[in-house]
Amino acid sequence: MIVADRKSLSEIQDMVRDCRKILLVGCKGCVTVCNVGGLKEVQVLAATLRIAAKIEGRPLIVEETVLERQCDPEYVEMLKPVVDNFDAVVSMACGVGPQFLSEAYPQQRFFPAVNTTFFGGAVAHGIWEERCAGCGTCIIHYFDGMCPVARCSKSLMNGPCGGSDHGKCEISRNINCIWDMIVRKKTEQGRLNDLLDIVPAKNWQTARDGGPRQSRREELIQNG
Amino acid sequence: MSDAFEPTIIAFCCKYCAYAAADLAGSMRLSYPANIKISQVPCTGRVDIVHLLKAIEDGADGVYVAGCMEGDCHFVSGNLKALKRVTCVKKTLAELGMEPERVEMFNLSSAMGPRFAEIAIEMTDRIRKLGPSPVRRQPQPEAAAE
Amino acid sequence: MDDLKSGSNLEKVLKAGHFALTGECGPPKGANIAHLKEKFAHLKGVVDAVNLTDNQTAVVRLSSWAASAIMVQDGLEPNFQMVCRDRNRLAMQSDILGAYALGVRNMLCLSGDHQKFGNHPAAKNVYDIDSMQLISLVKKMRDEGRFMNDDVIDTPPRLFIGAAANPFAEPFDFRIYRMTKKIAAGADFIQTQCIYNMDRFRVFMKQAVDMGLTEKCFILAGVTPMKTVGMASYMAKSVPGMEVPESLIKRLKGAEKGKVAEEGIRFCLEQIEEFKTMKGVAGVHLMAIEWEHRVPEIAERAGLLPRPVAP
Amino acid sequence: MNLQKTTEKTGSVMVVGAGVAGIQASLDMANAGYFVHLVDNSTSVGGLMAQLDKTFPTNDCAMCVISPFLVEVGRHLNINIISNSEVESLEGQAGAFHATVRNDPRYIDIEKCTACGQCRQICPVTAINEFDCGLDLRKAIYIKYPQAVPLAYAIDRSACIGCGLCEKACLAEAISYADTPRRTVLNVGAVILSMGSSVYDPSGLDTLAYGRHPNIVTSLEFERILSASGPYKGHLMRPYDREIPEKIAWLQCVGSRDINRAGHGYCSSVCCMYAIKQTMIAKEHVSTPLDAAVFYMDMRTYGKDFDKYYTRAKDEKHVRFIRSRIHTIEPLKNGDLNIRYVLESGDVQEETFNMVVLSAGLSPPPSAIALAGRLGIDLNAYHYAQTADIRPVNTSREGIYVCGAFQGPKDIPQSVMEASAAAASATETLADVRWTQTKVRELPAEVDFSGQKPRIGVFVCNCGINIGGVADVPAIREYARSLPHVIHVEDNLFTCSQDTQEKIKQVLVEKGINRVVVASCSPRTHEPLFQETLREAGLNKYLFEMANIRDQNTWVHMASPAKATAKAKDLVRMAVAKAAYIEPLPQVMLDVTNSVLVVGGGVAGMEAALGVARQGYQAWLVERGHQLGGMARQLRSTWQGEPVAPYLSDLIDAVHRHEHIQIFMETQVVHVTGTIGNFTTTLVTQDDEGKEKSTVIPHGAAILATGGHEYAPTEYQYGAHPSVMTHLEFDVAATKQDNRLLSAKLAVFIQCVGSRSAERPYCSRVCCTHSLKSALWLKTINPDVQIFILYRDIRAYGFRESLYQKAREAGVQFIRFESENPPVVSLTPGDPSEPNSSRLSLTVTDHILQRPIILNPDLVVLASAILPNENKKLFEAFKVPANADGFLVEAHAKLRPVDFASEGLFLAGLAHYPKTIDESIAQAKAAVSRTMNIVSKTAIMVGSVIAVVNPERCAVCLTCVRTCPYGIPRIDPEKGHAVIAAVECHGCGVCASECPGKAIALKHFTDEQINAKTDALFQAA
C-alpha cells in the first residue's frame, strides 16, 4: 500500500490560516489501512484544528467526511453537493487525492494533510517499511524477492557497500541492510554464485526519471 | 485569572478499578474537590484520542484517564494503550501551545480509595495553578452561519 | 600485466614489482589552493601517487578532478577518486574525459558515503550506477573506446583503474567475493579500508592469494596512524565498516602522556613491516588524515624511501 | 424455607463457610442447576481473602479480584446467602439431608437496609474493628467492609448501649432491636464444608513478645496495614509511633512446623509466599529505601511461578533471606526490636529492626472444629477434615464434602480448585434432580421502542438523607425536568426499596418511558437491581443509565452542599445526554452441545471424563498413546501411602465401562473450531495397520489434561551406573522388590535434579515429598540402610511436613547444598572383567561443617524434575497459551485456576504445573465442575456490551485483529470485512478505539454516547 505520515499541525494550520470553514476529507484506501487518513484521523485532526482556533479566538468550522477512495473520479464526484460550501478542502489521502480533487473542482482549493512517503507494508502494528520504489522494471527475482533499488540506501545493484553493521544499514539502526539479507539468503540456499555476476547498469526510463508515467490498457479503455 | 477559578475536570475511569476506588473514597467519606466529574468506561482501553480531544475542545480545563495498575488490567493491556494515547494527546496539546499537564494518566486499584481522592486533589490543584483552559479563555466567536 | 594500460607512475612502480606507497589528500572546503599545494609539498617524492578524495564523507570540497589537475601541475601523480553519489552517467563520463585531458592517469571508483552523514543531508543522491558498474564503464571507455551507450570515443581515456575493498565490513564472508567482482569488472588495483584488525586481514589476504586474485590485480593495504585515543574510539564506534580491536585502544591508552601519537605511528610501522612480506600485498595506501606533514617521517621510518623512479 | 422434611433426593445443596472457596463452590453449583444455601457465621461473605491487601505471585489487589465474585454470589437467583448463622445439626443421609440452621440476629432487616450508613454516622459507641485486626475502631453498628455482601449493617450487641439513635436515624426502618435467633430446617442433597482457616495467635510464644509490643504484628495485621482501605489508609507505618519503618523483619514458621510450642507439626503452606509478597509490597509503599529481611528455615516457594517470585525478591528487590532459627525478640525503648537468631553454622547473631512481622500459620477455626463434631466427620490430628488422597474432597461421611483450608492449609488457587472439585463431587449423585429446585425469573416480553424518540424518566434518590441531606434533591429533580427528552421526573426516599421499585415499574408502563436514568448511588452495587426492574417492566435492561450522586458526590462533598448540588446536576445532565443515545442490546440465545472433550488419558484426564459422565453428559476421551494411565502407571503410592495401582486399574476400568464415555486411543486432535457451547473438533486416529481415520466431534466444552513426564537427567552419572535412578524408577523398582534397593547399605537422594535451574527456573513441587516417602519406605524394608537426602530447601508443604519429621526421627540425614555448589557423583572403575562393578563416589559440601564430605553410596536416587508434555500443535489448535516453561497458562492465577482465558476451555493436571496425584484429581474434578456451567444448560445467552463491526466502514486493515488482547477479531474473506464473534468478545473496546475507519462500535459505550456525556458536562448549564 501507499504509506503516509500526518503533516505537522503547524504546517496544516499555516495552509488553512485564512479559512473560516474547511472540509477534511479522509480516504478509505491505503491511508486508512496505514492509520493516517481514515475517519478516525479525520476526527482527530478536525478536533485539533477546532481547539487551535478556539485558543486563538478565531472562528473556524471544520466538517468531516471520508471518501471510498480519492483516486477515482466517481468517488471524488460525491463531494460535489458540498465542496463549494468551504473556504478550502484538506485531503488526508496520499498525494493522489488532493490532485484528483483539484482536477474535479478547479474552483476550490485543496491542501494535503499528509506526506506521502513510500510503497510498503506494516512489519508490525504501527511500523511500516518501504518495499518498492516503483521503478517500473522489477528486478527482485535476481535478489530472491528483495529489492535493492528500494531498500538499499544507495540503490546498489552490486552491494553490499561496506558500511553495514550487524545487518543494519549505515544510515540507521532501524533499517535492515538489504544486501546483508540478500547475501545471507543466497548463502543459506547455497546459491551465492548468483551474486558473482555483475549486474549491469539499470535502465531508468521506466522509472520517474523517464518523465511522468501513464499506464494504458487498451482492452479496458471504453470507447466514446 | 482570579482566585475564584474553579476548573472543570473530566475523569475517564475504568469501572474495574478507578471507578470502584472512587466509590470506596465515598464509603470512606474522604473529601476531594467537586471539580472532578467521572465518565465511566469499561476499560481505559476504550478511551480514544478523539474522546480526550473532544473534552479539550468542549472546554475541559483538565482531563484524566484512570485505569488499573500496570499489569493488572482486567483486559490484559487496555491501560497501557490508554497511556500511549494520553501521551499522544499531550504532544498535540504542546503543539497547540497548551499545557500538556492538563491531560494525565493515572493507575490505581479498586482498593485505593484514598489514592483516588489524592489524585482528584492533585489534579484540581494542578489545573487551578494553570488557570482556565485557553480554549475557554478567549471570547468565543459566534459560529459562522451555514 | 605486460603492456601498460595507462602509463601512470603507479602502474609502472607496481608492474616493476616494487612495494608501492600511495598517499591521500583531501581537497579544501574552499578554493584555497595555497594550502593544498602545501600538502602536496609534503608528499612529493615520498609516495608514488596521491588519492584526491571526492566530497569525502559527503562534505562539499573542491572538486577532485580539479585538485588532481593542480597536482599534475605540481609534478605529483594524482589518483582521481570518483563516487557514484553525486553524478549520473552523463556527468561521470564527461568528468572522466576531462580529468584525462588534464593529465590524470589513475582513477579510483567508489560508491561514496551516504549524504546523510555529510553537510548536505537534504541532498538528492544520484546512484544512477554503482561502483561496480562505474569500474566496468571506465574499462569500457579505455579498452573498447566506447561510451556506455556504445558510441565511439574519439581518443579514449587511458586510466589505471582502482577500486576499494573493505575486508572488515559485514557480511564478512562475502567481502572477498565483492573484491573478486570488482577485479572481474576491470579493477587494476585495490586499495583497502584502513586495517587495524590484522588477524582478519591475514585471512582475507590468504583468501585472495588462494583465489588467484593477486595475480590479476595489485592490492594495496590501507593504513591510518591513530593520532589520539579519542580518534581510535571514534573510529571504533562511529565509522561504518571500520573495525578497531579493543587491544589497540588499550595499547594507545597505555602510552605515556604525550606519546599516544608516537604509539599510533609505531603500530602503523609494525603493520607496514608485516605487509612488506605478506603474500599478495603489493604496497601500502597510507591515509594520514590531516597529517600529511608526518608522511615523510613515517615513510622514512618504514624504510620505504627513497621511492623508485619509474622507468 | 422448606420446613417440611423430606426423604426424597433434593436438588438443593448447602455450602458452609462463605470465603473464596465457599463462594466458588456455590457459584459453580448454582450455575449448573442446583439451588444453593450458603451459610456463614459472619455478617458477610468473603472470608479471609477480603482482608488481604495483595495476592501472590501476581500482586493483584485482592479486593479487585474478589469483588466481582462477591457481587455475583450476592445477586444470584439460586444462591440463598444465610449470614450470621450456624449449622446446628444435620440429619438424614446423602441425597436427603435435613440441616437445622440457627440464624443469629443482626438486629437489622437485610431486606430493608440500604447500607446508606446514616446509622453509623450517629452511633455514639465505638468498638474494636476485627476486620482491621483491632488496629482500628468501628461503631457498634457497622458493616464489615465497604464492599461487603450482603450490603447491610449489623449491630454488635456486645458493644451497643441501646440508645436508640440509629433507630431514629434509619429512614428505611430497618432496625429491629427485638430480633431473636431463628431456626430453619433446610432440605439439602449434599453439603460442602468450606469453613476456611483462622490465623494462628502467637501470644502463647513467649520468646516472640507478641502482644507485649505494638511493633510486633502478625502477617494478617500487616496485610491490613498495607491495605489502602486499612487502618492507616495504605501508608506503611508502625503502630507504636506511626513512624515509617526503615527496617522490617519477617519471622517465618510462627505457629507452623512447631510441635513443641505451638502444637502444629504441619507447614502452613502459604507463609513463605505471603512474606515475600509483603516484603515487595512494603518496599513499594515507601519512598525511602526499606530494608526487608526474612528469617526462615526452608523457603517453600513450590507453586507455579513462585520460585521466580522468590528470585525477583532476592535479586531485584534486594530482600535479605536469612536461613536461621529465632532465639528471642527483645523490645527496645524506642520501639525498635532486637532479634537474636542462630545461623545454620550455630553462630548466634543479633540485629535491630523497626518492626517485626510474624508470619503466622493457619489453623482450623474453633467453630469449624465444633461443627465437624456435630456433623460427625473425621478430623486429622490437627483438627482438619480428614480426606484420602484418591478422594481429595470427600469427608468420612457420605454426602459431605470439604474444600479449601479446612481440609489443610493451602493457598487461594488450590482452595478455589478444590471448591470446584467439591461442587462436582457433591452434585454427581444429584444429577437426576438437577434444575428441580432452581428458580427461574418469569419476565414479560421486551417492548420494541424502535423508531420512537427517547422518552426519558429520571428518578432522583434521597438515599434517606445521604443524598438529600447534603444536596438539594428537589432542585436536582426540577433541573432534570428541563433537560431534553425528559418526560418524567420524581424523587424517592430510597429508590432501591422494594415499594419504590414497584412504583417505578408502573410509571414506566403508564408513561411509555423508554429510557431510564436513576441518580443515586453506584452502578457497581445497584445497577443490576434497577436493570431487573426495567426488565420486569418490559424494557431492555440496557435502556438504563445511572448518575452516581452519592458515593461520588454527596459522600465526598458533604461540606459543600451547594457544590454537591451543582455537581449532581452536572452528573444528571451527563447521564440524560447519554441516555438519549442508548439502545436496547438484545441477547441472542445459542444452543449448547451437551458433551465435553477431554484430551489426555492420564489420571487427570480419566477423572475428568468420568466426572463428566457421572454428571450425566457425554465425554469424549482422547489419548495419543496406546495405553491409559499416564505418569501414574509408574507411581507406587500417594504421599499418604495409599497404593496407586489398584486405584488406577479401577479408574481405567470405570472409564472403559461408563456408557457416557467414548475413548479414542492413539488419537490426536488436529483441528478445532467454534466457541463456548459449540466446538467442533477433528480427531485423527491411527489404526493397527497405521491407517489414519478422522472423526469429527461436537462438544460444548473441552478439558486439556495433556500431562507431563519425568526429566531424563544428564547429571550425576545417570545412565552410567545402574544404581543411579530417578524417583519413578525407584518406585518401579520398589514394586518389583528390586535387589538394588533391598541390598542398599548407603542410599543418597539428590533433590532439585533439573528443577530450580537456569533452564527450568521452577520447583517441581512433588520431589521433596517423594524422596521423603521413598526414604521412609527404604528404612521400613531395610532398617540398617544409611540414608542421606541432599537438598536445597525441603519443601514438604502442608501435612507432608510429617514425613520430614518422621524421616528425621528414622535417622535419615539431611545435607543442604547451594545451587552453585551441587554434589558431584563420580565412578570409580571396578573389576574390568565384571560388568557394573564400578563404584559410586559422591562429594558434597556440608552446610553446617562447611567442608566437603565424601560418600560411597550404593544407591543414588535423583529427584528429577517434572516437565510438561510437548503439545505445541494441540495448544495451537485450541489457541491456548503455554508459558516459557511449557506449562499451560490459566485465565487467572488466583481465582480461575482451571479456566483458560478463552471461554469453554479448561485445564487439569501436570499440563498446568507439577502436582501430586491428589491435587491432579482435585483439579480434574474442578474442571468437570466448570464445564457443567456450560453443558448442563440447553442454551447460553450472548451479546450485550460487545464490539460490533460496521462492514461499510471496514477497510480490512487488521488493526482490530492486531490490537485485540484476546485475538477475537478476524477478517472474514468471504464477507470481506472484519468480524467479531459476539460470543467471544470480552467487551473492552480497545478495537473500537484503535479502528482507523471508526468501523467498530462498542455497544453501550459508543463514541456518540461517550462524547454526548462529555458535551453535556461542558455545555453551559
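For reference, chains read A, B, C and D in written order, and residue numbers begin at 1 within each chain.
The criterion applied here is as follows: a contact is a pair of C-beta atoms (placed from the backbone, for glycine too) under 8 Å apart; a residue touches a chain by one contact, two chains touch by 3 or more.
Quantities reported herein were computed from a predicted structural model and do not represent experimental measurements.
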Nearest-to-centre chain - CA centroid comparison: D
Pair of chains joined by more contacts [C-beta pairs], A-C or A-D: A-C
Centroid distance [mean C-alpha coordinates] between chain D and chain A, Å: 52
Chain centre separation (chain B, chain C; CA means) in Å: 63
Approximate Å spacing (C-alpha centroids) for the pair chain C, chain D: 73
CA centroid of chain A to CA centroid of chain C, Å: 40
Chain C residues counted as touching two or more neighbouring chains: none
For chain B, residues contacting two or more additional chains: 48-50, 54
Junction residues of chain D, two or more chains touched: 963
Pairs of chains, among all present, that meet the touch criterion: A-B, A-C, A-D, B-D
Chain D contact footprint on chain B (complex, rising order): 8, 10, 15-17, 19-20, 22-32, 34, 37-43, 45-51, 54-55, 58-60, 68-69, 71-72, 74-78, 81, 85, 109-115, 117
Partner chain B, residues of chain D touching it in the complex: 53, 58-64, 67, 117, 146-147, 227-229, 233-234, 522-525, 548, 550-553, 555-560, 563-564, 566-567, 570-571, 574, 945, 963, 965-966, 986-990, 992-994, 1002, 1005, 1007, 1010-1011, 1013-1015, 1017-1019
Contact footprint of chain A on chain C as seen in their complex: 84-85, 89, 111-114, 116-117, 125, 127-133, 136-137, 148, 164, 166, 169-171, 173-175, 177-178, 180-181, 184-185, 193, 240-241
List of chain D residues in touch with chain A within their complex: 953, 955-959, 962-963, 995-998
Contacting residues of chain A [partner chain D, same complex]: 28-29, 32-36, 38-41, 43, 66, 122, 125
